[in-house]
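Sharing a structure here in structure tokens format.
Letters A, B, C, D and E mark the chains as written, and numbering starts fresh at 1 in each.
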């Protein structure tokens, strides 16, 4: 992606990173991954002295910024037969999410296809409009990474701005108009750079990617039109039998986009809010007649069929998974999409 | 009760771990006491007098050293009062009072010599310290 | 490093399968990596030979699975139980949650399980292999030339460092040697928290509980949480929520959850193991256990079948609620 | 109801047989206590679920008090013994989470103790007022 | 959606003086569900009640809220009003704006504001009320009395007198209990047998009463009005219907050395025996542990001498199943074992005896035919020491004694001392006492007579040690008044042993789900107001099984228990309280938490087949509440982790609605 001449490459010495962050934070809220005392990274708002994490990824994905776990939609009051509705949305500030990895950047494409295509979800759309995504190339992918299976290049993430962190410098390159604008504002803190260091880093990263344990994971067997092939596969029984039905995989997933709309009666009025839901939950999509999927097998199957078959079927063959590996790391019983893919026949002949 | 000494009472209760209020005045302790005839104050009186804070007479009575600590009273008391422990506590207070000569940590080095077993100092220190 | 080998367990399971004593085996199944072991039901000897594992990452407690498994079948299932799992096993029996007749329990000794996040923190990312050696776990990664050797005590999960018992309190058959109930320091952290000021405690829990994403993993893995319908999933209970809203809901969830398992929690530590946000949930449960021990006498849930949990019991001279704090401090 | 100087709100769960009757007796004897105290009648103090208490705090209560028959005098023999254990455990947990322990209380009030009921409520209301508004178990949504 | 009517009462100026009643009824008009709201001077008056009835009809109300005085005052009134207007009485809620509002608050704004909030809470609750109907259950008109001592006898006679059939189950071969073993009774010194045996005969002759002697209760199922009881009638190897009680067998039986339990082992009986002359039923019983015929088939003498042919060596235990409407527990007491009190040398000397043994020694039908002779050498004792509180009030020695006062010892010891001095004036009698407790009619007078008229030496103090020395017992005690240790050379030492509930009480309590205290005495439903009822409905308490009692007290309690039983059996149907626990079977885990906290044993479990959410079927254990037994405390609702157990009338949702309304 480092295209000399087409896009300008800028760099900033790591020593000046704090100044760079300060400059960004002048015009927008800046969020970046920060380690907690256990070494787990999560996005925090930058303040003077905040140190950016070197962790490969955050525990929760950055989808929270655009599609928060819970979000108030409106409030209303009833008195007798009258109902008074108030739109309680506040105009959101511009914000920058820094250090997003390639896999998570891809997740926004997947979410956009759900929320921005008609009918547009205005809550999501307005945040997408205000938010600038600054990605960062990976240098130390780990064993749970399998973004390559979905055609993602961890060494060349997309986003409004792409960055590469080398030993001495942070390299920055804008990909979109929003990105150009952000970099223009940082002109004084950055300098023109060539691509040599970035290309060297990319080559190294790509070589490691080749060696990852999940490097060979094949997606050929999946995609649109495979519903009949997999829906009644006997393997689901074995795959799902230990599933606890918790929501960990869905809640750490950067692409899961299901939500529930609920009312909370404060006694003085009702707050209507939406919150993430999980297809793994027994109450998911409960309707007047009951639940759609009554067994954990059905619920389990839904999640993986959605990622691997239904989503690509409706979205030009794009898979609903980005290979970030969070669910592999966090599932309490270590059951995950990779095991599903391999069991159902996605395993390459060795 | 003129001679009430609540501080001393609290101290005795603390040292002995005995709650004299549990006594129901049955006298079984004194009934069972093999040294009864030798004593001016008898086991049940120890309990009652401590409860009343009337402790000076106990500190000065020979009875203190007539108690054999056979624990018969402790064994037989229906309320678990344990008079013998109280007697022992009074004895301890009396010992510590001997001329009010509490041993202080500073006194220890002067007393040390080659022949004196350390154990003796330690136990003396324990015994004569408040 | 576990003293019992995988082969011994397979041999036992295979013979029970072949004799027709059991029709299935609840055991650990090898995953993609050295550590991502999945609980599974094995029904043939071939499956066992191919995929059954036993090692330092087999932490999952199978007791809870028995509730669902025994309902589905008429035949017996073999379950391997580590010492701490046997307490959950008994507790579930006390609460009539599964049919003992349908279970063949094999007790296996446990030397403590490794905590994957500790291993990752020490060895770094890109783990490609982990071998259990005499010296410790030898971890091969993409970024280190030679395997990193982690001493077992450095990799040990918190719950295993503070292991309360190596004794199996239930089994049909025991493999290896029986251990003892241990004196553990499992209440030290609770005591340390109790010693803080209320403001410090509040800050501590505010920070920890605000990380909660309400994935319910702690509840769903908990062998005490086997309710047919959890109050937090029940729209008519008045407590149902799906997401942490504000700062209240997660407190409500964790307080009520801990209260519901108070006196029933065996302190197996599964909740803290599975929490994706590493919230020290065991510190809530252990607070109740510590309080119960202090005020109502030592009680270990699951130590025996049929014992009466402290919160469904009483004595006429129990401590008054207002005096608990003082007594607690005295005992701190 | 938007009140500028927020007065403490206290929810009192009273068992039907002793404490509720004790509250009635306080009324019969015209023994005043703050109007901030609102009583909810339950058959027995053992009917009080910890969820009700947390719910009250969530909705804006500043203090919650549970009143029952004296131990040994429970109309249902043993209900208040269970209350005593449950609440001891719950309050200890709340204290452990850093929530002010003065906000919760259990008091045994018999049907004859009208004076005790009033005195208890006066004292509790005073202590809760001294703590100020409940912030540590609040749900901001309910304060909007 | 409910259609709720709100009725705000002024109660003259009682409420209206501090509460703006108009403002209250106006404010509540806008609450959800409220379709009508008004206020009136006296809601409880005829006019006020008519107003409510009219509104119910006119506005088709489904629920009403009355803001008035305490529900303890007029809830029942307004429920009846609602019922008269065709509304379910449990659709009424009261907001207590008098006792808990107007009377305790001073100014009108405060009172009004609070009254509105209390009204809103009541409206919020009634919105979730559901009509409730009390359950009905039939009553089996037969009572079971467990225990055939004076308590059981009196209860049975009183119940039978009212015309209801009664069964007495007694473990011994005869009824009569402890009283049959006594010689005289205090404070009147009537002969125990003279007043007891006529009652025993009454029992035997009463055609409403059946006696199952030598029998035990084996199983109790069911609930108030409908108990199913299994009684095991142990084989006595004698056909009761044929045996005439002539006693020929008991004279001819060659097995002569069986310790006689009726005389506390102080003499012997035969292997076939009748416990005492006035036994009821007066039939022989073969002791299977002593009978040679039963043990090794060699003998058969009794069968040979029995003219009636009543001996049946092949007799088997028999199980009788019977239904009862009420059960009275009258299992009585026993003296505690003296084995562990070695300071009194009970195990070392035959001449250290318990007071009950002393009773037998002075009883004309006893081992010495009423002559006071000491057991070791059958000589007349000249110095007797009585020791009180042996094992009673013994807080420190749970393994040997009892913490409580046994209540009867002071009086019987005074009686014994007096009788000795009366019959044998040459005998010196000492009584060591801690306190002398004589609360009872003519009790203190009786004790004083022992001292003043009969010259019994009462010594304030306790005996510390008894040492047998030659023919004497060296008694060492303290005299606290004289502050000296006294030494008495006694011939006989009599220990007033503490009494404890019969050992059969604990398993029986479990069968009955009746609660017990830590000393195994049965707990009464209320210590003051319901002293003869157990908390378990339909189970009543008579005599010393509930706590130490003397004979007059036992008899009066027995009568009281009988009257409670009669009151119950006189009903054709039992109407329950509809505000009871009810489990949602779909949510129930069957974990037994609720059962363990239920004070009434109202919860049982059944295995039921359920269709599970995943379309499979599963057999699950689920709780069931017996509506006739549940009293509606709600302990189970909190013990239940899944919330499957709820309380009708005080449902979780209703209480939460009240909380929400108050905290708004």
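Operating definition for what follows: a residue touches a chain if its C-beta (ideal position, glycine included) is under 8 Å from a C-beta of that chain, and two chains touch if they have at least 3 such contacts.
Since the structure is predicted, the reported quantities are computational estimates derived from the model, not experimental observations.
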item	value
Contact-graph separation of chain C and chain D, given in steps at minimum	1
Chain pair, A-E or B-E, that carries the greater number of C-beta contacts	B-E
Farthest-lying chain, centroid of Cα atoms versus that of chain B	A
Distance from chain C to chain B - Cα centre to Cα centre, in angstrom	53
For chain B paired with chain E, centre-to-centre distance based on mean C-alpha positions, whole Å	47
Cα-centroid distance, chain D relative to chain E, in whole angstrom	34
Separation of mean Cα positions, chain E and chain C [Å, integer]	45
Contacts with two or more other chains, residues of chain C listed in rising order	231, 238, 245, 311-313, 315-316
Multi-chain contact residues (two or more partners), chain A	264, 267-268, 282
Junction residues of chain D - those touching two or more other chains	50-51, 55, 59-60, 72, 78, 82, 86, 141-142
Which pairs of chains touch, using the document's own definition	A-C, A-D, A-E, B-E, C-D, C-E, D-E
Parts of chain E lying in touch with chain A, wherever the complex brings them together	30, 613-615, 660-661, 663-664
Chain E-facing residues of chain B, complex	22, 24-33, 36-37, 42, 44-45, 72, 76-81
List of chain C residues in touch with chain D within their complex	190, 193-194, 198-206, 231, 238-239, 245-249, 251-252, 255-256, 258-259, 262, 284, 287-288, 291-292, 295-296, 310-316, 318-322, 324-325, 328
Contacting residues of chain C [partner chain A, same complex]	31-33, 35-41, 60, 65, 117, 121, 124-128, 142-143, 211, 213-217, 219-221, 233, 235, 240, 242-245, 270, 273-274, 276-278
Chain D to chain C touching residues, read off their complex	50-51, 54-55, 58, 71-72, 78, 81-82, 84-101, 104-106, 136-141
